[in-house]
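By letter and in written order, the chains are A, B, C and D; residue numbering begins at 1 in each of them.
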Amino acid sequence: MYLTNGIVIGIIYAISALGVTLIVGIMKVVNFAHGELYVFAGYFSYYMSVSLGLSPLVAMPLSVFLVFLIGLLMEKALIRPTYGDDMYSLIVTFILSIVLQNLALLIFGPYPNKPPNLIFGATNLFGLFYYGNQRLLSFFISLAILLFIFYLIKMTWFGKSIRAVSQDREMASRIGIDHYRINMLSFGLGAALAAAAGVILSPIFPVTPSGSAAISLTAFVVVVLGGMGSLKGCLVGGLILGIIENLGAAYISTMYRGIFGFILLILVLVFRPWGLYGQKT
Amino acid sequence: MGILIEGTQITKSFGGVTAVNGVDFHVLQGEIVGLIGPNGAGKTTLFNLITGLFSPDTGEITFAGKTLKGLKPFEICRLGIARTFQIVRPFLKMTCLENVLIGLIGKEGQTSRPQAKIRKARNIMQITGLAHLETRMAKDITLIEKKRLEVARALATGPKLILLDEVMAGLNLSEIQQASELIKKIRNDFNVTILWIEHVMGAIMKTSDRVIVMDQGKKIMEGKPDAVVADQRVIEAYLGQSDA
Amino acid sequence: MKSSTIWFSVAGLSVAIILPFFLSQYWLHVMIISLFYVMMASSWNLLAGYTGQVSFAHAAFAGVGAYTSGMLSVFLGVSPWLGILIGIISAALLGLGLGVLCIRMGGIYLSLTTLGFSEIIRIIITNEDNWTRGTMGLQTPGLFVEYSKTGYYFIFLAVAVAIGVVIYKLIHSEWGLTMRAVLNDEIAASASGINTINVRLLAFTFTSAIAGLAGGLYGHYLMLVTPDIPSLGQMFLVLAMAVIGGMGSFAGPIVGSFVLEILSEYIREWGEYHVLIFGLIALAMARFAPEGLMGLWINKRKGHGHTN
Amino acid sequence: MKKFLSLFVFLMVLTIGSSCWAQGTVKIGVVGPRTGPAAATGQAFEEGIALAIDHINAAGGVLGKKLEIVFEDTGGVPEKAAAAFERLATKEKVPVVVGESHSSSALAEIELANRYKLPLIICEAWHDDITAKGYKWVFRAGPANSGVVDFYIAPFVKDMGFKKVAIVRENSDWGAGIAERTEFDLKKMNIPFTTLKIERDSKDFYTELTKLKAEKPDIILAYIYGTGLHFFIAQANEIGLSPRALVLDGAGPPSLWDSFWKNVGKAGDLELFMSSMHEKVHLTNTSRKFWDAYNKKYGKNPTDYKSRSIYNVILIAADAINRAKSTDAEKVVAALEKSNLEVTTGVVKFGLKSGSYEYHQWMPPMLVVQWQDKNQVVVYPKKAATGPLKKAK
């Protein structure tokens, strides 16, 4: 039971962290506003399906697309001028996260909201225990998205240009890749992934404006754990974190659930600072 | 004259590309050695390996009899190896004087009485012809001046060996002449050994005691300048490049 | 020191000394809080503005100072003065440890690790409520037997001025020069014989200690230590003050602290909007005037002729 | 710089002006969370405040002047609460402060009330120490943890025949205090129990719930304030723990928020919660008047009972000032100690014997309400019940 929940939550962590790792890998920029994008998507999907009465199946991709556009805008207006200045990109995205969090508070109010479930009830897993159906569904959707992103990055032209830009910006532009466009698109994609996590998870864990920081933090732990910019690391890191948190909560202390991840983070920094799958430089 | 620095079987790869491949080299005390080769030959990578920016995959570099293995760039600098950068890296938002002071701080450490250091820094700026730029921000001076500023900063660290990476790129003939004079002066007046990368063939041939030629990560030739220019392999390496 | 700087300091200090005789209790309170932020923002600026290390644990270190001193005085009856000293040491040691862990890995790692560290501090404080009283807040003794706002004001003023002088001296010394070199170009600095990691570590430890000091004083002024002190919200305020005032300048964070704290008293009625407003101002500043109010002012004094 | 200075002067003038303008009123300060995780309480307070102002000013105001309320935000955290109280004491200079719904904030405020000698009437912060500390300036016209447990929760558990209790409590002052008292009472009554501490803003309770399920409780006393409770209920249902074990929300309001049904879905049926308000239970005339006035002003029935709690304490404060014929703190306290005022929940009389939480305390009667097919049914105490307790089949 604890293990199953660990794996499910782990995949969920992986997908939350995917957007961060993508942006770090390509642009060397940490997007502190990641959790806020997640929250915005959750609210969008809530309002579209509840207030506008759209089917969740329409509302979900539409919200993701909306946040994708927000991501493009953010990149163009705020991130692009900071290229090459790590410090300012950190400061700008941190301030942005506070702004967006308070904006969400203003627009959506402090109350948590969740879009309707796609599916209700619970399933008896392996004849051992009951597990929420919505959770299982989210697990499979997350898995599908993870696989899709792997495919996108490893196999397609877009993925190849992304990798080219991330390895050597100058070289890439010499062979005709417009790295501004690639950056913008990948930032948008990162934002869209945050949004995807948001719409998939908000039916299980309703979103609140104040909940965004925790989402970002978990994502960062996963990214450092797996290695900055590594997709595989992201998946493995998410799983490890999910399992350790749940086993730790079950056998050590529920109150310290949140801290296991950080202890792991510190251990990684001591023994393998470049992460599980990161590149040692 | 003894050997000041020596590298044996130095290899460094990045991903699948071997940038430096089994290179042996040495520089004698007081020599001026030119390092030439087409673009991508691995010259700058060799500099980065010497100064500790990268560590070699295999092979070892010894300086004045001590191994440089595992040393950090600042420790290597304090041992007496200073450098300039191919793509200049002065401290842009600091004045030229402050740039040179950093070299002195690197050598002597921080003190609370900066007067003596300022005197020394001014002296070095005088020699390198930067005296008039003392209070200018490094971002506001010309590229040529920036290159000189880097030489001044390197000199300030009190090196035994100085690595110069394309300090003459973009200079006109008389400026090249001046720069060559400066290089000789550094060697003669400061007793500093010089290893330098240059594409300006005339200058490097005239000023160097010895020349090392690299191509595609390997050392293909070394010897007196006139012997090098006559060598078939060197000519091929350069011609091969212009074909590409 | 330039004569104009001396004049500014003397004038500012005189005003500061006679101020309590004119201000109401309430505005005195605002001034004390501003002085706390002066300590916080100035030291954070030394770290971020002069060595380029964007730490998100500055508020957490203030929390370490506040809780160390608070818990010592509550549970062991240690004098708050001694408690604050021990708080400073704990913050410095934790800063050193954290710095050793992540500074060699570069800027992004430092930011992420410090963010994680503030979260750890928050979780520990909220969970160990037998000792810290968690979100309930730990009630601590004051610095004086008889509560006196004027007394606190002068203590805060004295400490803030002392910190200011130390920081001023530091950034105008060879250490300051070294820090700027590390910020400008780490590779070039280390190739010039500068131990860049040591410089960063030193700055990180030193500023953590200052944060510990500020937090300790703050806790004993409020007589209430809560997880709000080491919170990210608090961190944002400190960061916004430095960014709006002007990072990388000595006066910037001081100006920023007063401007934002006083401004926040006026826009308090807007409740939750006021953080949003600070955020938007800070964002606009970071984007269009990265040198902050001080930068704008200096440029204006120089006239519009100076462009590059 | 000049522009900045002139802006500064302008703002100065603005504040000075606004305080002069308010001369012809008597101010009462209110503290409560308008922002933060419990901002819903702030909204309930706003509603109650508006109704109280209408009511008092229609009845002649305070000391012949109009009543004005200054509502300072606490954000639900003690530090901001202390700052808010500081402002009310030194800037607004109000003669009395009322409100608060967080024990932690209240515990910070009572220290300041004591320092500034400013009367404070708490309405919805339940921690015993608030009154047990014995501060002369502090009153509470609302539930205290010990009272809620001793008179309602513990007897309810016993009388309804529950065999095994699970206590789940958040890590806050309120959670710690009420859980401790519950454990104390259950031990006395020999009912087995197990306690679990959880983080207040947690969202995933699967691990905790799995642990609980192994204990096979038949009632879960959930001392969780906020939407964490909603997730807890929904997930308890998902893993098949409830409604076999009924959940009792020990605070109440979270079970009444608009978001409750959205978040819990069907799992909300049969959930129990504490309340001091029900549409069919009117203990006094004032209660009925409040209900009607609320309906008229907001066009709906009141949900969060905290709108009524704040209404009550404003009435109490205004009454005391009127009887004291002064805003002098000593006189107001003396008048408060002699309070004998009908409010929505009964007739207020503060306890005068110091040494326990009952000092300066008046506790309104509480109800245990159950959601049955989305209808609120009072199930306890028996004399107020509007229907029987339903258990799961």
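Definition applied: a residue touches a chain if its C-beta (ideal position, glycine included) is under 8 Å from a C-beta of that chain, and two chains touch if they have at least 3 such contacts.
Model, not experiment: these values are computed from the prediction.
Any chain that touches chain A and also touches chain C is listed here: D.
Set against the C-alpha centre of chain D, every other chain centre is closer than that of B. Chain-level centrality, scored on Cα centres against the all-protein Cα centre, points to C.
In whole angstrom, the spacing between the mean C-alpha positions of chain C and chain D is 36. Centre to centre, using the average C-alpha position, chain B and chain D are separated by 74 Å. In this assembly, the C-alpha centroid of chain A lies 45 Å from the C-alpha centroid of chain B. Of all residues in chain C, those touching 2 or more other chains are 127, 272, listed in ascending order.
Of all residues in chain B, none touches two or more other chains.
Multi-chain contact residues of chain D (touching two or more other chains) are listed as 35, 171, 199.
Chain-to-chain contact here is organised irregularly, matching neither a line nor a ring nor a star, and falling short of all pairs touching. You'll find the chains touch as A-C, A-D, B-C, C-D. Only residues 24-26, 29, 126-127, 129, 133-137, 139, 147, 222-224, 226-229, 262, 266, 271-272, 297 of chain C touch chain D when the two sit together in their complex.
Listing the residues of chain C that touch chain B in their complex gives 173-175, 177-178, 180-181, 184-185, 187-196, 308. Listed in rising order, the residues of chain C touching chain A in the complex are 48, 52, 54, 56, 101-102, 104-105, 107-109, 111-113, 115-117, 119-120, 123-124, 127, 232-233, 236, 239-240, 243, 272-273, 275-276, 279-280, 282-283, 286-287, 290.
Looking at the complex, you find that chain A touches chain D at residues 1-2, 5, 9, 50, 105, 109-114, 117, 120, 122, 129-132, 135, 205-206, 208, 210-211, 214, 246, 249-250, 254-255, 257-258.
Contact residues of chain D toward chain A in the complex are 35-37, 39-40, 171, 196-199, 201-204, 206-208, 210-211, 227, 230-231, 235, 238-240, 257-259, 262-263, 265-266.
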